[in-house]
Structures are given as C-alpha cells and as structure tokens.
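Submitted below is the structure of interest, expressed as structure tokens.
Letters are used for the chains, namely A, B, C, D, E, F, G and H, taken in the order the chains are written, and counting of residues starts over at 1 for each.
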C-alpha cells in the first residue's frame, strides 16, 4: 500500500458504486489501492489490514458497505487516519440501515459519512483529495480546476435552458 | 469464562437495561459472565475476546450495544456460538440506529436480534435459556415453571379487572 | 415431524425467500420439515401445530411471514423451543411492518429476528445449525467448514480485484 | 358475556388508554365486558375466548395492544364479528410498531384500526356504537346527541376566542 | 343510493385497487353503489353527497384515497354511518401519507382504517359485510362459507408443499 | 372579516403555537381575524366559512391543525385565496401525520406548507406579509426592517461569542 | 427578468418535473423566466441572482431541488419575495431528504413548500397565480375557470363510473 | 482567523453541543476560531466568510446547524477546505431533518457528516485533528495518547464490572 488513498469495499457487489469514486480519484490524479474485505466474513484478515494502516503510506481510507455496515467503523477503531465512508443501498430499507450503521459512531471514533450511493462515492474521492491538498500544491491546483469545470457545466446548461424557454415565457 | 452464557455490553451506561437480562438468568438458575468491551474503543481486546469463545465453555453469547451497534456483529463474525443481541436506545433516533446496525447482518453471519430495551433484555435471557434447555432437563423444567408463572400473573390480573369493571358495564 | 428443524411459512408466496433457508440447511446436512400455515387464515390448525412442538422431535422452529407478521410470535407463545423468524417484504412498507410485528415481542416470549429477506433466510438456517451444533460434533464440524469457505470466497475476490485495479492506481 | 361490546386489552398497563374507551361507551349508554388477556402470555385462554365470540351475545369486539400487537389480529382470525383495534404507544418506537402490527392484516381478516392512543380509544367506542346504532333506534338517537354536543363545544370555543382576539386584530 | 354499501373513490386512478373491494362484495352477494368524488376537486358536490348519507338506505361507507387523503375523514364528519377507509399508495411516500391522513382522526370522528392497497380493499369489503351480517342471517351464512373456503385454500397449499419438500428433507 | 389575514385553528389547544403567528403579524402591523373551526367536528360551519372567503376582504388564509390535518386542504378546495398551513405536533407521531396530511395535496389545490411548530407559525405570518407587501409599500418597508433586525441580532450574538471564545482558542 | 414568475431549478435533470409547472403557468396565461442554477455548484452566480430579485419585476419565485435541497432556502434568505418550493425525489430516500431540507426553515425565512413531484409542480404554479390574482382581475378570472374545469372533469368521470358499475351492483 | 480550525454554528442555541467539540480541541491542544453565522439570517455575511476561507490559515471547517441545515453545504460550496458537519437535533423530527439536509449533498461538494448531537461534536473535533495530524508530528502523538486513554477507560470499567458481577454469576 504505497498509494495515499486506500479504498475498501465490503463486497464486490459494491463495485458499480465504488467505480464512481475511483474514476474521480483518477480524474484528479491521485493514486489509490483497492481491497475487497468484509468486516463480517473475513474478520481476521480485515483486522490485520486495519491495524497495518497507521504504519503504512496510506493517508486517507475510504470504506464502502451496505446493510449493517460495520466496515468503516472497524477501520476507524484501528487507525488514526481519517476514515471516509459511503453507505450502500442494498435490500429493502433504502440504505437507511447502512447510513445509520455508518454514521452513528460513538464519541471518540469518527467516520466521515457521505451521501448514499454514487453522489457519496464521488464526494468521498473529493474529500480525500481535499485532505491531501492541504499539503500538496499540485493536488490543490487540480482541485480548483475540477471545481471550476463543475461550475462551468451548470452555467452552460443554464444558457441552453434559457435559450429554450425564456424567449417563449419570459 | 466457565459460565455457559457470556454477557457483553459496549458501555457501562447500558447497565440499567443489561440488569433485566441478568436478573432473568438468575431467576432461571443459569450462570453467566459479564464484560464491558467496546468494538470501537477497545478493538484489539474485543477481537481477542471474541476469538476465544469457540475454545471456551461459553455456549451462548448475549451482546448489548447502542447507536452504530457493531458489537454483536463482530462477535458473530469470530465465533460459531449463537449470538443474541439487544439494541439499546441512546441518543435521538429512538434506537432505530442500533436496531438496523444489529439486525441487518449479511448472509452468513447471523445475529439473533431481540426487541429494543428491557423487554429485549429479558427475552435475550429466555432465548439463551431455551437453547441451553435443549440439552439440560433441569433448565427445561425451570423454563416451563417460568412460563406458567407468567400466564398465571395475567390470569390473576384478568380476574381483578373483571371484578372492577364487569359488574358495572357487563 | 421427526426432523430437528421445523420451517413454517405464512403463505406459499414466501417460497422464493424460504428456499434460501432450505438450501442452506441442505448444504449443512440438517433435516427439516416444511409447513404452509397461516396464523390468520388457519388459526385453529396453526394453534394445534404450535402446541404440538414441545412434545415433538423438533428442536428449533423457523418462521417466515410478511405484513402484520404474527406467525413467529404465536409459535413462540405456545412452545419453549427457540423460535427464529425472518420478516418478509410484501406490499408498500419495505417490510418494516413485518419487521416490527416480529421483533417487538413483549418480555417473556422471545423471537430471534433475522435480517429482512434472503440474507435473513440464510442466516435463520445458520443460527438453527449453530444451536444444533452445541450438542452435535458432526454438525459443529460442517459449520466450521461452511464458514471457512465463506471467508475463502471473499479472499479470492480480493485477489481478483487487486489484480484488476492496483496495478493501475496503487 | 351478555354485553354487546367486548373490550380486550393485552396488559393492564393499557388501562389509562382503555378508560377513555369505556367512559365513552358509558356516556353513550352501551354495555360492555372487559378482559385482560394476552395473545402471547395466555395463548390458550386467549384462543378459547376468541373462539367463543361467534356463539356469544357480543356484537363488536374492541382490542387494545402495544408493541408486536397481535391481539386484534388473532381475535379477527377466530370470529366473524367486527373487530376494532387501538394501537398503544409503548417503548421507543412511537407506537409505529403497534400500528403496523395491527393495521397490515392480510386479505381476508380485517381489523378496523383506529388512531394511536386516547383519540383512538374514544373513536373505537364511537365506531362500535355506530355499528350497534344501525339496528337500535335508541342508540342511534344518543349518537346524534353526542355529535351535536361535540359541535356545540367547538362553536362555543370559537365565540370565546373571537371575543379575545378579533376586537384587537380584526 | 338504495344499496347498503356506498363505495367512494377520490380519483378514477384508484380503480385497480377499488376493484378488489367490489369483487369481494360481489362474491359475498352484497349490493353497492360506486362514486368518484374528490374532497378537494369537487368539494361542494362531495359535501352534499356526504350530508345525504344519514337519510339514505346506505348502512356502511367505504372510502378510497391517496396522498393527503381527506376523503374518509370528511365523510365521517358528516354521517353517523360507519366509515371504512383504504389508504392508496400514490407517489413517492409508500402510502404513509395516505395512511396517516386517514388513520389519525381526532377523537369524536372515527374512520375504520384498513391495510394499504389491495389487501385493505378486500378487507374493507369483508368488514362491511361483517357489519351487515349482524342483522342479516343470509349474509352471516355466506361470510362463514367465505372464511371456510379461505382456510381450505391454505390447507390445500400445505398438503402440496409437504408433498414437495418433506419426503426430501423431513 | 374585514382584516386581510384570516387565521383558522382546528382546536383551541393549538393556541400556544398560533400565538407565535399572531405576535408576528402584530409586530409587522398587519390586521387579522381568528377562528376556531374544525373540519371534522364542525364540518357544516367550516364549509360555510371556507365558501365565504372568495367574497370577503380576506387576502390570505393561515390554517393550523394537527393529526389527520384536513383543515387547510378543505379551505384550499373552497377558495382561490392563497392558503398557508402550519402542521401541529400532537400525539406520538412527531407531527409527521399532520405534515403529510397538509403537504401532500393533489394537483390543482395547493397548500403552502410551513415548518412544524412555532418556527412554522412565525413563518406563516411572514409569508402572508410577503404576499401583502407585493401591493402595499408600507408593509413592504416594515418587512425589510424586520429582516434587518433579524440579521443584526445574529451579528450581535456573533460579536459576543467571539469575545468569549476567540481570545482563548483563536 | 421582466416576467412576474421566476422559476429556478438546481439541475437540468429536474426538468421533467419542472415542465408540469411551466405548462400550468402557460395554461393560466402567466409569463415566467427559467434558470438552471445550483446553490452548491454555482454558489456565487446563484447568490448574485438571488440578491437581484428584490430590485427586479419578479413577484413570485418557484424553486425546484432534490437531495440536500438548499436552493429555495438560500433564495428566501436573500429576497422578501414569496418563495415557493417543490422537493424533487432523487436517489434512495423517496424525496424525504429534499422535503425536510426545504420545509424545516428556521423562524424568519419562510419557504412555501409544495407536495413532492409533479403534483407539487402543478400546485406551485397555481399558488403563484393565486398570489398574482390578488391584484390582477384577468388572472383572477382565469383561475376560476381553471378550477371549474377541474371540478367538471371529476364530475364527468363520476357519471361514467356510475354508468359502468351502478346498474350492476347498486 | 489564524487558527487552523474554524468552528461555525448557525445559532447560539447550538452552544451546548458545540462546547463538546471545543473542549475536545482544547484537550488535544489545537487552536480554533468560533463564529455564530446563519446561512439563512445573515446570508451576505455568511457568504463573505465562506469565500474568505481559501485565502485564510484555516485548514479544516466544522459546521453545526439544525432543521433545514444548509450551513455546512454553503460553506462547502465556497471553499475547497475539508468541511465537517454535525447535525443538531432541534424541534420534533429527532434531527433527521438536519441529518438529511447535511448529508445528502450533490456529487461534487462533499460534507463530512458526523453523528447527531454531542457524540458527533466530539468526533468532528477528532476528525479535524486526524486531518491536521497528517502533517504535524506533535498533534499525531497527542492523538495516539487520546486514543490510548479512551481504551484504558473502558478496560478499567470492565475490571470493575467483573469484580461486581462475575464472582456472583460466572
């Protein structure tokens, strides 16, 4: 794990959501490692992985899990690196089970919880990059470019919609 | 841990609820051990404890935890003993956070979830005793007595309420 | 009912979920009986069935029901055998109706509630087997094998995903 | 049970809510019987009671229960008399557990569900009386008087509040 | 309105659910009238209709409505006939909006609320018939037949499922 | 009703919340009338009141109601004046029943829903005043003053808290 | 912005819902402008737009946004014009996230919240027109026509459904 | 703002919760500034403050707000510094309104959401310190000490509870 961001998912069925995170990291030029490790199905391997983080080059950890989502909490209990988590919708409870399991950590062990699903996956990447940018000028610069592009996209859509509608109604 | 039931709570603030469980075990004549161990604040000690269960005399584990309640899930991931859990209400979400964190375990790692709060604490004790009773005639007998007493209590209340009301209205 | 596990479903429309339970019992080599009996539509036959459990060879009961899911609660009120229940999603309320009807049993009559849907159905089977394993060495051994296989499956997936991603990003 | 309305509560702790029902029946001059019987703690006595209703003088049944509230559903499965139910708030889930357990009956076995708590208890009495009034002129008349009084009470309050406020602001 | 049951729906888009009610009434040989009237879009016509019920041959009213479902409540405020209501799922809130709008009537004005959707529609018909059966022997008899048939259907399914599974596993 | 704002509450128990609305109207110098009228307990008087609004001097209507809160919806169905509503918390469901009953109006009959409780009561008054201000310069001016004062209050609190904390930590 | 109604959406993906609003404004002959501006992605442009409203010809603002829907709240904090908002369902939480983010404004800054989705979009248009109608006779007249047509549509459906059903059952 | 952590609360009524955050920062020896600024009541001052962050010495921002909690989202839209948020319970919705308003940010603008209430306030401080510790050895060391102390506290409680209970039951 020589990359600064460690991405961990509880099941490979989370991959469609995780991919939005990885693509955002790629687009911002930040390296990452990827693991499939389950807090419940591979508890010993998972524990060893989590314990190793403080001695590794990893600076930020991003966890993805659904249902009784203990993954990020267990990570956060075994490292002092910032842990970001994305609750995954799975099954019938709209992801509220994953959200509460991730968010409601006891005092002393924080998990930085993102929105449910793909928006959260993108934002986990951006938050990780915002943290790295505090001590890396190049990343800081790319972050600004990324945000400017996002703004420009909305403004371009605004121009188009005004062309469509406002001649008529406005 | 020579007792057949191991009771684990995530925080000593859970004790008022846990006590209902211990008293029920006492009244049914079943021995137990008690631990305060947090999946999040004492992750290494907790992991060691959970790993030791399969080699111990413990036959049933009962876990109590609130909020992002990972305690029972981590126990269940590290032992094949039946794990019973009681979600504890704590904070503003009515215990729904603890309930979902406890209940929604992924396929492969069951946690026998009880009702929220004291009713769940009593029932965790009774379920543990029902399991032990499968191979212990004495416990089986005491379980029947316990249930008969519960029924008699309701029937006695029925007699009283009928004396109060039915002369009037019935 | 000479089998140690009795599986009861409230409607044959629950069969797609129930099947995950039966297949897990099959794979662990544990025999079971199956019933379709409704607490609401066949109340007398259901009552007789539940009353007969304490005198039968059944050691663990597993109930499946949706909506106002009274099935497991009525079973638990008439037997001292451990009763495990799986809430079934049906209709518009995401299965929360079945969950609350199953979980929130009053003190004195426990129902071991599993996760909603298929994960819960698999876990009901495993919990039943964990209980039987307390007094059956053969079952205990098969349970360990089952869990090792589950762990190996995740680790194999981890190897594959690392081959896919980490050369690139890590 | 010679009275036309049978009131059943699952626990004598429901009495503060039940009393609002009984007082409304008293004020409308309708006789009733009262029982404390639990579907879970006195299942055999409860079953016998429910089975006896079709052969009795009871015309309407009113059930009160909290948590996993199976009481009214079991009654409705064993009688063709109209069954009215009032979910009782108890514990941490705001009574939503009792509401869903009562309301979400499967097709074929109706339970007429009222609002949670005391408003529901009063309305259970009035609905029972509306049903009896269909074939009893005296009750029909008293029902109209009851409603007129309710309307007059609100109109009197309106007169007072207008005297207080409208001289000032209106 | 010479029929004893008046069925009112707030929108003709409710018809797929309403049909389950009408078919049940047909199968039990009970006559009914049908209206599409909206408490919100045809308030004056709706008010006149509701006011006319007490002077009509209608004995029971069944209302269907979704969203902010005021239909049954307004009916119940203008007649002393028993009013039964079925909340309709519509839009994004799973029908909980319709359920709460229907159920949570203030003290004095009861609405007999049924389960959401088609199960509720069938049960509204059966509850109406249970009320009519109190003073009509023929209807009472048909109601018993209907219930026996329901029980026999489940028992037949039980026989089939036991033939399928129990030779194998039991 | 010569005042431009008509305030209607479903019960005089709503008065503690309503008062926050009236005081805000007073402070902004806008006249109002006040009524206690229940859509369910005084349906005929309420209907007549609502029908009269279009011919009156009332320009904006503000309704307060709890539980199955039909008050604002019935008002909105009988007038084309803008109707603002404040859901009142009452009973066990946190006011979500009143919120959904008020908010989820069908297409064609809008109700401008405010936040639950006192914040909503204040805001109902301000929204009514914002509407009146569109054609009244004096009111428009007072509205600006009111907002400036609100901003100044927060800035004053900011100065105080900075004096308290920032010398220490900042 | 010379049109009296300003419609703002947070994303062009909201357009299918927004269209129901625009069509209603068209059908009532009221002019409008349309913007795509995001409180989060174009914060500076959005702030400038909101600040400009008080000096413009805009009389009513309608905002559309999903998820953490801050759009209408930010608008309302920067203008004294009435702000109407429609929460958009997006993602897994049924739109409850957008609803609470829109509705629960603090005291002092009202947002007139409409129902979720298309019904809310239509109603936002009608409420805007109701406000404009207070000082415009022509709009007032068209509003009455619109409502009459809505009533006639329901009554026509009632005639048809009675032709279908009542000959049979009634 | 020369301190590395900027703490912003939407109202001084949030202070009891905020204090838990400030005390944790104090105990970890990290300096902070404190502001009371409301996204809704002081929108212009708030906007200026948020815009100034990228040019300041602030490295991490922590926001506190209740109800329609837009504070952290607006901050995050105007700075690339990591923004941490604590939803505050206020009013009747258990803080779920604040939680959803804070958490469900659109893709592109992350907010690191903490648990509701005081546990979240403590964890916001710790997460901020975890971020600062990535480039500050002294802070990193104090963080480890803080965590060790937390673990020791639980283990001490475990010793005491075992002394109390296990002699008796174990």
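Simple rule for what comes next: a contact is a pair of C-beta atoms (placed from the backbone, for glycine too) under 8 Å apart; a residue touches a chain by one contact, two chains touch by 3 or more.
Just so it is clear, the structure is predicted and the values come from calculations on it, not from any experiment.
For the two copies, chain A and chain D, the CA superposition rotation is 180 degrees, given to the nearest 5. Centre-to-centre separation between chain B and chain D, using Cα means, comes to 34 Å. In this assembly, the C-alpha centroid of chain F lies 19 Å from the C-alpha centroid of chain G.
Taking each chain's centre as the average of its CA atoms, chain C and chain H sit 41 Å apart. Across the assembly, chain E contributes residues 11, 38, 41, 67-68, 91, 93-94, 96, 103-106, 108-109, 115-116, 119, 150 that each touch 2 or more other chains. Pairs of chains meeting the touch criterion: A-B, A-C, A-G, A-H, B-C, B-D, B-H, C-D, C-E, D-E, D-F, E-F, E-G, F-G, F-H, G-H.
Within the complex formed with chain C, the chain D residues making contact are 10-11, 38-41, 43-44, 47, 51, 67-70, 73-74, 76-78, 91, 93, 96-98, 100-106, 108-109. By the touch rule above, chain H contacts chain A in their complex via residues 20, 59, 80-82, 84, 99, 103-116, 118-119, 122-124, 126-127, 130-131, 133-135, 140, 143-144, 147, 150. Listed in rising order, the residues of chain G touching chain E in the complex are 89, 94-96, 115-117, 119, 150-151, 153-155, 157-158, 160-162, 164-166, 169-170.
Across the complex, chain E is touched by residues 1-3, 11-12, 15, 22, 25-26, 31-38, 41-42, 45, 67-68, 91-94 of chain C.
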